[in-house]
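Next up: the structures, one after another.
After this come two complexes, each holding subunit A, first together with subunit B and then together with subunit C.
Moving on to the complex of A and B:
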């Protein structure tokens, strides 16, 4: 290596040192330390043990919590897809100016604390909230609908905060679709439904895939929304991890729960990826 | 089918888009009028008009104190994260050290792990080294979650920068610092500035990491609201939230003007 090249490497390292210190000291080392605490006795220094993980899988309560977390995340993905896909289609057909405007409108609430957005939902959805009041006044219902402090409330809250990822992921893939494809399909006499199923949908699959994995991962680890909009009855993995850490002070179990949450999310995303790939593989090689 | 339209059109797609946009902004639209109620009931539409719930904020020192605390924390975290992140981005882009790809992935890695897990691991580790519950610990963790955004934004800002300009300046005898100040900095200034504003908002809004690292004397405003909300729901939450919304809106408009929100969000970013 020439002297000049060596100098460049040293200069780069020097500039990288402050960020490296932060990443290693506040992220990499703490993660390794947490792993130690979850698999060794006496706060990470004693004998190796899988007790915390065994405890989790042998207790039906924890299995139910994990399943509830997965289920709510899947409902959220579905809601984001059903509501977000048409928005992405609308954006793909709009002028750049209109696209920018819609992007701004759905992105800007995202930069305001989730605590505040959830509070707004409480005002809208509670028993004497905006929706129930309106419906009662109109005489459409005679007792308030239960829209909050249950699983429905959590899915509404999560969909509100995560739909932006689905919209942008799908819209990005639709922007790339060559407009002449639609013209060709039109000339060949394809109906609107046929165009959607033969052109739009297949070409937006990468966007749907990206949006789905992103929304799912974020929903799995959401803490604030289940805590504020789910009440005490909707316990999900992040909420019980918090309780074990901060109320029960069971740090070994808290650390194990953190890894189980991370592991189950990554595992399910990998499984989904595999599923999609296998399907694509079959499509390509069997037709 | 692909005819572009500038005006909003009342098609089925347009209706759904309108509904979704309404859904994401309505929680915020409803909070502000609710805060001006003259009654003690949290209700939309509100009854009467008064500023009493704004005046009552001052009766609750925990909100006033945590507001100033959050502001101090977010400004410090943003300034330090911007400095560190900008240096790292320059190192990667200008010197292209061996393993740039891996270094870049490492710098962005805190974004790939849920912030809840970052919070738990930081609590465990900080307890071991004596930083749990301290301002330093909280600040360090907020710097960590902001640095990746700064790195990404500054790298994007640098992507079109032409280093022949720097070389030309050097040939003409300019000192490297002078070159950086007069040539490089003006080009990436919008990206650096946006990174700083984004880092500020990341810290100012954060709950999931702070949750594990605050102590009674170091509580952030979102945490104070979160805790208060679990016990009582009064219009007081609405008045405090309205102030936070106003403050965030100012920053959002600055970001939109300087950089553009759509450019700010890549395919991966999360704040929960």
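Moving on to the complex of A and C:
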């Protein structure tokens, strides 16, 4: 290596130092500390133990919470995909100006704090909220629908806050599709539905995959929305981890729950990746 | 009544306030290759898109194989199309790409395999069936696109500038290939291009378009040798243009005086000019012969040549199979093409030479604003 090249490497490393300090100091170290708390007695200083993890797997309550967290996250992914895909398709066909406007529209709810946004949903979804009042007045239902403080409420809240990731990820992959491919499929005899399933959908797989991974991970770790819109009956992993630590002062179990959540999220994302990355997918989408 | 493969009757299309295609009339016979040729914005692609079914005409009648296509969507027209950007499905192998149209027609698996193999052999790429489009070169991709368009045996093949994305050598190669395929299969073809050489090479007839209007429809030879308008003359091939006034006119022969004082003789072809009329006169560079200027005196005495002018050679360019000279004639640059570029004495840059051409080779049209 020439002297100049070596200097360049040193300069690059030097520039990385501040971000390395921040990542290491406020992310890696606390995580390691939490891991220690979960596997050693007396707040991370005592003897090694797997007691917290054993407790988790032996108590059906915790397994049920983990399964609920996964289930709600998968429902959220599905809702984001079904509701977000048409928006992404519309964006892909729109003028750049329109694209910008739609991006602003779907990002605009995020200009408001998640707490305020969730209370907004409460006003709309509660028993005497906007939707139930309207339906009752119209005589379409005789008693209010349960739209809040159940799993449906959590999925609605999560979909609202996470759909933007799905839309933007799918739209980005659709922008890259040459519009003449649709013409080619059409002239070869494909109907609109056939065109969607044989051309649009497969070519947006990278976007669907990116969107799914993002929405799923964020839904798994969501705390505020499940706490506010799920009420006391719909407990998810982040909420019970918080409760163990802040209400029961059981830091060891809280830390173990946090790590089990992290592990399940990573495991499931790895599973999605395996599922999506077929030989064809690699062949077609790797650069 | 003869049934044409494609028939356009008074087809028009407007975008906003402008007529993009204006009163388009055309009949294409079975097996014919017709090219839409014109500068960008002339309406050739819009017309092709209307034939393909991607655009609905605002009015007029469009028939394919005698059937009216008004309201028939693209996927119900039984067409084959090749695009400028190849437009192969990147997530499908070559075989799947080619088989796509057959699959939609519910062809049996066995039949499908046979036909895909046959058409891949036709485009001389039987060995790439399992590859993905991105593993192919540009020329190979376009061959596969052609195979995909032909495999369904469409009633009509549409080619939308299929050679424009290829480099010069490949373009020539593929152009030959297209001509061979078109003649072998005998499929009725509509070809859109802005490249006149391609158009002349491939077509039985050329439709020259400008600003949404058909300027001329004819065989390549007719378009080149008997252009119907000043636009066609200027657009096809190279032309020298003189602005002139008709000084006398009799028996289909006219005498003109150009704005810079040269006297020209011209025969009447497409346009009948009147005495005193302002006209544009065109002469093709290859119709001009050169002679040494020392014959100047003889020429003035009248040697029987129709048109003789004198000029100074400004620029000589060697272009391989031919040479090109720019000769200054009374301030007007005149281009001359010759297959025997003589760099010998008397024809060098800065020297005075004589240019001669027949009255028959001069085309005269009504004067048009620049």
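Criterion: the second predicted complex is superposed on the first by the 255 of 287 C-alpha atoms of A that agree within 3 Å, B and C clash if a C-alpha of one lies under 4 Å from a C-alpha of the other, contacts with A are read in each partner's own complex, and residues count from 1 in each chain.
In this section, a contact is a pair of C-beta atoms (placed from the backbone, for glycine too) under 8 Å apart; a residue touches a chain by one contact, two chains touch by 3 or more.
Keep in mind that what you see is a predicted model, and the values were worked out from it rather than measured.
*Asks:* Following the superposition defined at the top, how do subunit B and subunit C come out on subunit A, clash or fit?
*Replies:* fit
*Asks:* Is A:102 touching the first partner subunit B, the second partner subunit C, both, or neither of them?
*Replies:* first
*Asks:* Report for A:224: first if it touches subunit B alone, second if subunit C alone, otherwise both or neither.
*Replies:* first
*Asks:* Using the superposition on chain A described above, determine whether A:183 touches subunit B (first), subunit C (second), both, or neither.
*Replies:* In the superposition, A:183 contacts both subunit B and subunit C.
*Asks:* In the overlay of the two complexes, what angle sits at the CA centre of subunit A between those of subunit B and subunit C, given in steps of 10 degrees?
*Replies:* In the superposed arrangement it comes to 90 degrees.
*Asks:* Name the contact category of A:203: first (subunit B only), second (subunit C only), both, or neither.
*Replies:* A:203: touches subunit C, not subunit B.
*Asks:* Applying the touch criterion given at the start, work out whether A:263 contacts subunit B, subunit C, both or neither, answering first, second, both or neither.
*Replies:* Neither partner.
*Asks:* State whether A:86 touches subunit B only (first), subunit C only (second), both chains, or neither.
*Replies:* first
*Asks:* Just subunit B (first), just subunit C (second), both, or neither: which does A:26 touch?
*Replies:* A:26: touches subunit B, not subunit C.
*Asks:* By residue count, is subunit A touched more by subunit B or by subunit C?
*Replies:* B
*Asks:* Of all C-alpha distances between subunit B and subunit C after superposition, which is the least, in Å?
*Replies:* Least C-alpha distance after superposition: 7 Å.
*Asks:* Please write out, lowest number first, the residues of subunit A touched by both subunit B and subunit C across the two complexes.
*Replies:* Common interface on subunit A, subunit B vs subunit C: 183, 186.
*Asks:* Help me check something: in the complex, which residues belonging to subunit A touch subunit C?
*Replies:* 178, 180-181, 183-191, 194, 198-199, 202-203, 280, 283-284
*Asks:* Which residues of subunit C touch subunit A in their complex?
*Replies:* Those residues of subunit C that touch subunit A are 52-54, 73-81, 83-85, 87-91, 100-101, 104-105, 132, 134, 148, 152, 158.
*Asks:* Using the touch definition from the top, list the residues of subunit B that touch subunit A in their complex.
*Replies:* 1-6, 8, 11-14, 16-17, 19-21, 23-31, 34, 41-45, 83-85, 87-88, 90-92, 94-98, 103, 106-107, 109-110, 113-118, 120-126, 128, 140-141, 143-144, 147, 151, 201, 204-208, 211-212, 222, 225-226, 229-230, 233, 237-238, 241, 244-245, 248-249, 251-252, 255-256, 260-262, 264-265, 267-268, 270-272
*Asks:* Once bound in the complex, which stretches of subunit A touch subunit B?
*Replies:* So the residues of subunit A in touch with subunit B come to 8-9, 11-16, 18-20, 22-23, 25-27, 29-31, 33-34, 37, 83-84, 86-87, 89-91, 93-95, 97-98, 100, 102-124, 126, 128-130, 133, 160-161, 163-164, 167-169, 172, 179, 182-183, 186, 192, 195, 210, 214, 217-218, 220-225, 227-228, 238, 241-242, 245-246, 251, 254-255, 258, 261-262, 265.
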